[in-house]
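Got a structure for you, questions after.
Read from first to last, the chains carry the letters A, B, C and D; within each, the first residue is number 1.
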């Protein structure tokens, strides 16, 4: 008999956008419940947040160490199953590590860690404990991304030749950090954001999506990162040439100074026989392109019968009912929940449920950021993608 | 101190699409929890559904009568606060009535009832009990619909002259009921769907949206309904001329035989000074039109600062993160929850929280269906909108 | 051996938009040359225009009577073959009649005449003289309109059930005639525009396109016309329910007060097996819709090989090179030229070249306007489409 | 008193797509007439083409040498004013040179020459003769491109930071040259196409548009060209990082193997204060983006009054009437004609009429191709843009 999976949250106190997204995504399908949290930097604020989330007082903890220790001491049918980490970047690694060491599964916001070395340490830990580790590269959760992946892997597009992936934003066109805007402040601060701002934040989503859909790996790259905005130390824009392990070529560009853009995340993949185009801001549509036939408009929803099982597994609504960002994010959590339930009941993981970004993606993401930053500083044209 | 609002569900057993939507919408924001249900036509199936929804066995009831009776007997801090009705059309009225009579609030899928008379009976009951009644005309929950309403009510568009509202679908272009498809079977059956199929199902959404956004009321109409599909008794297509109480003119058309259309629900409103255009399938965009300036693309999400408070109240995510059908639906449930919490704690209802379709909308919707059906059969050109 | 066809123009002096369009359209493909004209209301202005158009002085005439008389007296290898009429509405009939009586072919801007009776008189004259008469319902010249017609006539869409055609404009939302704007002044003036403004100007394009694409005829209609704009006598907005001769239903709406709209002329046609959607402002795209397959994006240009010969005959450029309004207009003139050249050399008219709006369309257009105006004033719900 | 400008054509015989485009573009506005040509590789074919174009037999010449010699001998009021060169790439330079030497102006299809050296030779000749030389980078003729240039040059977008320009096509995804397709055969053949295929054909349009709109110059680039398609020697795809003379960064990518793409030529320019986005396949729309206001949809046509004079000078039709590829192309020819007429009558060139691509653009285009080809072969990351 199945039971709900119990989640403890690290970060995500009142006012934090991404914490609320994780909670909505985790609970959307009813398989996960929030049972506890260490929501804020101070115990008082954490209590406050717990109350607003209707949690019992004794399960809003002062910090993640306390949460992990106290939850571990609770009876097995009460204590949390996994932690969800939604803190700023530099606070992803410590709770992830402590959770794994104490037997809790982990879902972490990206990037996995502050440095590539930490990511590799985490990988060793995940492998040795056998615990589940999921990284919320949420864009891979969209049903049309699943369909795109299916079209590639089924061979319908033929051998892939070219990939264009772009993630322009405009929110840092102005110097918001000078006005004290919180997000802008930590993202542009090397001490809190790490070696990269734009590439670490959105460039890495682009890299992940390109590799996820095509099943290919970047082997070489050539990057030009720029810190537009006077006095800024970290990149707010980046353009990268890509080469993949099958000989395909690519372009990846991302930006925070493309004024007027929201999250104009798009991907184009061209194979020898066909191509696809997907825009994150119109996520329920996938354009499928052929040499000698009209472009086809694939749409989410199952009524019409042409979508793959993989896409259908990640769809909740009939055609014509837009699913959005939260639903895509929820697909990741749902797959985590289905996988954990299968483990708990010693059953096989249902088809497609084990499809979410794991520790390997986490490591590649950290490596990507390191490699583009180093490439950008280098005179060497082609920089190898090393881990 | 606020607590979660407790929901009991009538209908929505395993496999029912709309029941699942209501559950996701109700619980998305964490203010409502599902505590019990009478999910199916048989007690066994209802138990099965309760189990799949992780409910305790004793709160999955055999039918709605049993649920209402037994829940009423539970302690006040345990029993459900309201019922959510997600059964087929002909089964909306009985549970709504019984719930109200027994002191439970009601959220009902549309249409409110099977006949206009029942709707008026319900109105009397709602008024006499003082209980809350919400009808899930969910499309009014979209943030850009709120913005459209705001643009009209603030006078920015000037006096409204013309409204075009359309809801074409194609799913009944083929005779699915002949193949036993469940939805198609009951929708095309007068005994279960009532006097209208297409107009009752989607036409009424169009009517509601037009009146909601403009704040106007239809006073006369001229309808042409057709039952395309051999042997069908109920309309699968309808075209209607509209006249509004301020002299504005309009066109409303809806269809289930517009082959290849999903839910292509669109509205255009033109005033003396400006106009708007909104498409349900691209819900995060609102086109705003002017005589002498470029068309403006309004977008959900608050970072850019130009949206009204009304729209912002119904938005969860920053610009660029698509919100969809479930989120719009959830706005309705969230407003119900906030209103009930205010009642429970004797506080004022927060701004915009009392904005959801109520019993008046329910009655107007039933009247609309009756009036278009009668108009279509009549030789009289202009048919008065009577209630 | 083929020669260029020679055109004389009535109207279209300097500054007149539509005259310039006709000249560009007529000469685009090199089969027609402008040889003479009576361009303006005064001989001086006409001379001026002739000079600006590089015509010899002796072929810029004072009025159309003079032009017809003097051209008739010229040698056969010099004189004009046909006249192109681009004057305001009330001046279409007189030159058309005089030209036909004197043996000249006619291309006329729409509407053909001021009254239905005149149109019928013209029809008699065209039939008795055997001369060619073309009416510039230019929108039927777009290649994707040809493709839409082909999809219907080839049976691919099945029996047609529903047609929605709309032509909203916003240019008369403000009272431009009060500011002396020329177009606005005559269009809103019954003495110069006739019994209708909006319906006569753009509504009739919508009627023509609907009948052209579907091959059906409107048999009954129900209209609601409104003269928005204080003090106006003629309609600036109209909404019409349609019934076609095969039982199909339709909606036609047109407007000049849909503020912010340019020429948002769109048509949707739904058959039992498939549907199409076309927007005049994105004319190189035709959406083709199916019950069980993705929507297909048909595109002008022939490289991809799936378009019909009919569409290809009306296309000049490979895929990806936008063709626009002038090219569509030019298709009409090109077909006229090819037909006249075939007559001159006693050859068969090439395939598809005889496809342009003729006198029958002219008469139906005038009848449409008369019928909607009368229907709008009538209490009778269904008004028969009489000629 | 103004007269028509007389054009002689080199190339563009029957069946050649681009020759027909030049003829339509040149004559669209009535200021230019085709008076002679050397249309084909054999005198017979050239005569045949001349006849189909309604030219007198004695002005269809056997080759361009004959045409230039014989036209030069004609009286001044009869002979051609300029030649239009529409031959394959390797045949652009010889007629251009001979025409200039003999006192004829030149309009040439791009690329100007086969090698950069030839382009520089041409530049010397143009400067020494004072004759007019225009290169048909036709995309700069679109009114919305003019508006984009105006928005940059007027400072409304602020200092430019980022440019993304892309020109994906799919027509060489399959090996059409193996099937003997003519275009594919010469484009993929180094002997006829030169050192580059994709970059020379469409990449150079992208380069020209980026520099035209921004007024900036590329100073360094980093290219990765690939000859997808077994056995091909020349690039069919290319990705390039760009650096501009003001510090702006850019990405340029072009392709002929992006299967399913037509001419998906797009440009995005982002400044410190605003940005623009333009798509060649929807050319009448320009998106204008701001940090704190809705995106604005600028549209061609002048009724609304917000477009610049520069854009209006290149517009023929009111808003809502799509102008396309031929009209944009015709803007270039019209400006050439207006400039030549001004020279002939010793008047000042009218405002904006001297805005067409000239010999400097021709030289930069040839240099761009040489630089990307060399950069692609080099290990040096940043390759200087040298001429």
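Note that in this section a residue touches a chain if its C-beta (ideal position, glycine included) is under 8 Å from a C-beta of that chain, and two chains touch if they have at least 3 such contacts.
Just so it is clear, the structure is predicted and the values come from calculations on it, not from any experiment.
Annotation: B-C is the more contact-rich of the chain pairs B-C and B-D, by number of C-beta pairs in contact.
Centroid distances from chain A, each centroid being the mean of CA atoms, peak for C. Mean C-alpha position of chain B lies 43 Å from that of chain C. Separation between the centroids of chain B and chain D, computed from CA atoms only, is 55 Å. Each of the following residues of chain D touches two or more other chains: 261, 291, 295, 299.
Residues of chain D that touch chain A in their complex: 161-162, 164, 166, 168, 170, 173-174, 222, 224, 226, 228, 237, 239, 241, 243, 249-251, 253, 255, 257-261, 268, 270-275, 289-291, 295, 378-382.
Partner chain D is touched in their complex by these residues of chain B: 288, 291-299, 304-306. Residue ranges on chain D touching chain C, taken from their complex, read 1-4, 17, 20-21, 23-24, 27-30, 34, 51, 53-54, 169, 171, 261-264, 280-284, 299, 301, 303, 316-327.
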